[in-house]
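Here chain A shows up in two complexes: once beside chain B, once beside chain C.
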Partner chain A sequence: MSTESKEILVGESSQAKPEKKTIVLMASDGDEFVVDVDDITNQSEMIRNLISDMGGTDGLQVPLLNVTAPVLAKLLELFNVSNKNDDDEEVTQKVKELMEAELNMMIDVLGAANYIEATSFFDLSCKVLADKFKGMSVEEVREFLNIECDFTEEELQQIHAENAWAFD
Partner chain B sequence: MPSHSASEHRVPSSIYAVVQPQQPTMAMDASSVYEQQQEGRVEEVFAVINDNGDLLAEVLGRLDGRSLAAAGCVCRVWAAVSRRESVWEAVCGRHVEGGAAAGAGARPVVAALGGYRRLYRLCLGPAADRLGAAARLSLSLSLSLFSIDCYERGLGRERGHPRPASLLFLDHNNPVDVS
Partner chain C sequence: MASPSDFIHINYMISSNKKHNGEVTKANGNSRYISIDLVESVLMHMNPKDAMRLSTTCKEWRVTIPQYDPTIRKTPWFFTIMRSTNSCILRSVVNEDTSFEIKLPCYSSERIFIDNVLHGWLGKNS
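== the complex of A and B ==
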């Protein structure tokens, strides 16, 4: 665990308003993120359950072993957008932009959202990715995700025969 | 500057000579290792969704049936995920009244009749094609039709029949003649 921790405040400054409760999220590399309790419980079912199991938020530190600091920072940034807007339009747009600019980061954020059970954000992000695939040919999907076609010639024929109805 | 000349010059004649590693062969090794690392890194970065089958299943479960079947042709990982019953259950759930939650009780029945992929392929998919993707179909009616097909298949196997035909009326390519 790093002794020098970086603090990123989400939402309103917690120092200015001491009555606002915060908890600390720890990324896998030890970086600490101070987040507003309402902002995070609004999104994450896992943290909501954790707080109710612990019986409060006093000095609560949540280690997120599968989430690196850059991914957690991006996820919290998107949660902020989501919390500030009543409808999903704005946050959907941000997720789309992230997908086009940094696909790898977007997929990591998706994994992190799944891990902390940010159900509605996760659903929305999966849809963004699925909608992207819908308009693509098999070849385009491979290119977009840099996936190698690892079928043998025989397997490829078989899989195409099995799914031929998709290409009617 | 060619790499071998650096070691021949006694006095470095340019800035390149100064930074040049003493042994050119080492430099070549180092760069190829670096390239390998770069290639490995890029591959790792971009195929990241294939490292997590459950995540991929969540994304593919939000496709429509045709796109999901097509996604099965992408690579081996995608083929395996697109054969998962849970993924097809999610797709089917969006086409029935009451959504996926309403259909959870029907899971053993669907499994016994041949699974969600087949249910989609035979009943829900063709019906959705005809009625529009937004249409919500009755799950019990779909299951009835599905069981007819299942029965017919069983019968066909016994008597050496051709393919089951009862559900062909659902296919928009084969309009039923009702005259």
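== the complex of A and C ==
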């Protein structure tokens, strides 16, 4: 794909820059997001495969049934940060900030990234969450995520006894 | 909280044909649902000890342990025999921080039999 666009650039005068190719992503609530093909295929394996299966990007609309508009907007915003920076530092920082400010949104963004197979962004975000969790006690994680403990005291004791290496 | 104008970003044009009602109701809810797929991925991004500890958060999380419990994970161990101390060291090939030293009281430097291997070993004499 990149060699093709290069040829156009060489053939035309520099003023007639070819228009960037775009596709449309549709959020679950019907909102449409016009995205640059290179920007999105750089991140999403699912969309990369879809474009190659469809044999092109002309008029391509991708419905993302599991992703709401606010979540998709936030995900695309973070992709932007990631595409603009060669290292992961900046985008890691943004994901961290999102986690601290709006945990629910961060979790939804993570789910959406997984859904569209944005593997490197997904891994990076998992690492951010993992770094947060590993410094917390089980009780703190339960409180942080609003999860109720459904183990009995006996069950917990048994798990601790069977896996002493992890609980010393 | 984000307003619809925040969604317009330099590289992404948005043709909005709906109001973002969903966002408001969602942000007010207290419950946080994190799917078990995500939990599994997150726990796999930390060392197995922390992951095992946090897997006791609730029963659903506990189901993920085969992915990172080094004692049942189906990845071969790197097995180093230490002649000097009559012991061997098992190292995880995935996470180098995870290793166990095992004393072999009846250890013979001449012959070694390894029996009942469930997931395979990588062996090395040192």
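The rule is short, and it goes like this: the second predicted complex is superposed on the first by the 150 of 168 C-alpha atoms of A that agree within 3 Å, B and C clash if a C-alpha of one lies under 4 Å from a C-alpha of the other, contacts with A are read in each partner's own complex, and residues count from 1 in each chain.
What we mean here is this: a residue touches a chain if its C-beta (ideal position, glycine included) is under 8 Å from a C-beta of that chain, and two chains touch if they have at least 3 such contacts.
What you see is a predicted model, and the numbers here were worked out from it, not measured in a lab.
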Clash or fit, chain B versus chain C on superposed chain A: clash
First, second, both or neither for A:147, with chain B first and chain C second: both
Which superposed partner A:70 touches (first chain B, second chain C, both, neither): second
Partner chain(s) touched by A:33 [first = chain B, second = chain C, both, neither]: second
First (chain B), second (chain C), both or neither touched by A:80: second
Partner touching more residues of chain A, whether chain B or chain C: C
Shared chain A contacts, counted only where both chain B and chain C touch the same residue: 103-104, 107, 110-111, 114, 122, 126-127, 129-130, 133-134, 138, 141-142, 145-151, 156, 159-160, 163, 165-167
Residue ranges of chain C in contact with chain A within the complex: 2, 6-7, 9-18, 20, 22-23, 26-27, 29-35, 37-38, 41-50, 52-54, 56-59, 62, 69, 71
Chain C-facing residues of chain A, complex: 29-36, 39, 68-70, 73-74, 76-77, 80, 102-104, 107, 110-111, 114, 122-123, 126-127, 129-131, 133-134, 136, 138, 141-142, 145-151, 156, 159-160, 163, 165-167
Chain A-facing residues of chain B, complex: 42-43, 45-50, 52, 54-55, 58-60, 62-76, 78-79, 121, 125
Of chain A, residues touching chain B in the complex: 103-104, 107-108, 110-111, 114, 122, 126-127, 129-130, 133-134, 137-138, 141-142, 145-151, 155-156, 159-160, 162-163, 165-167
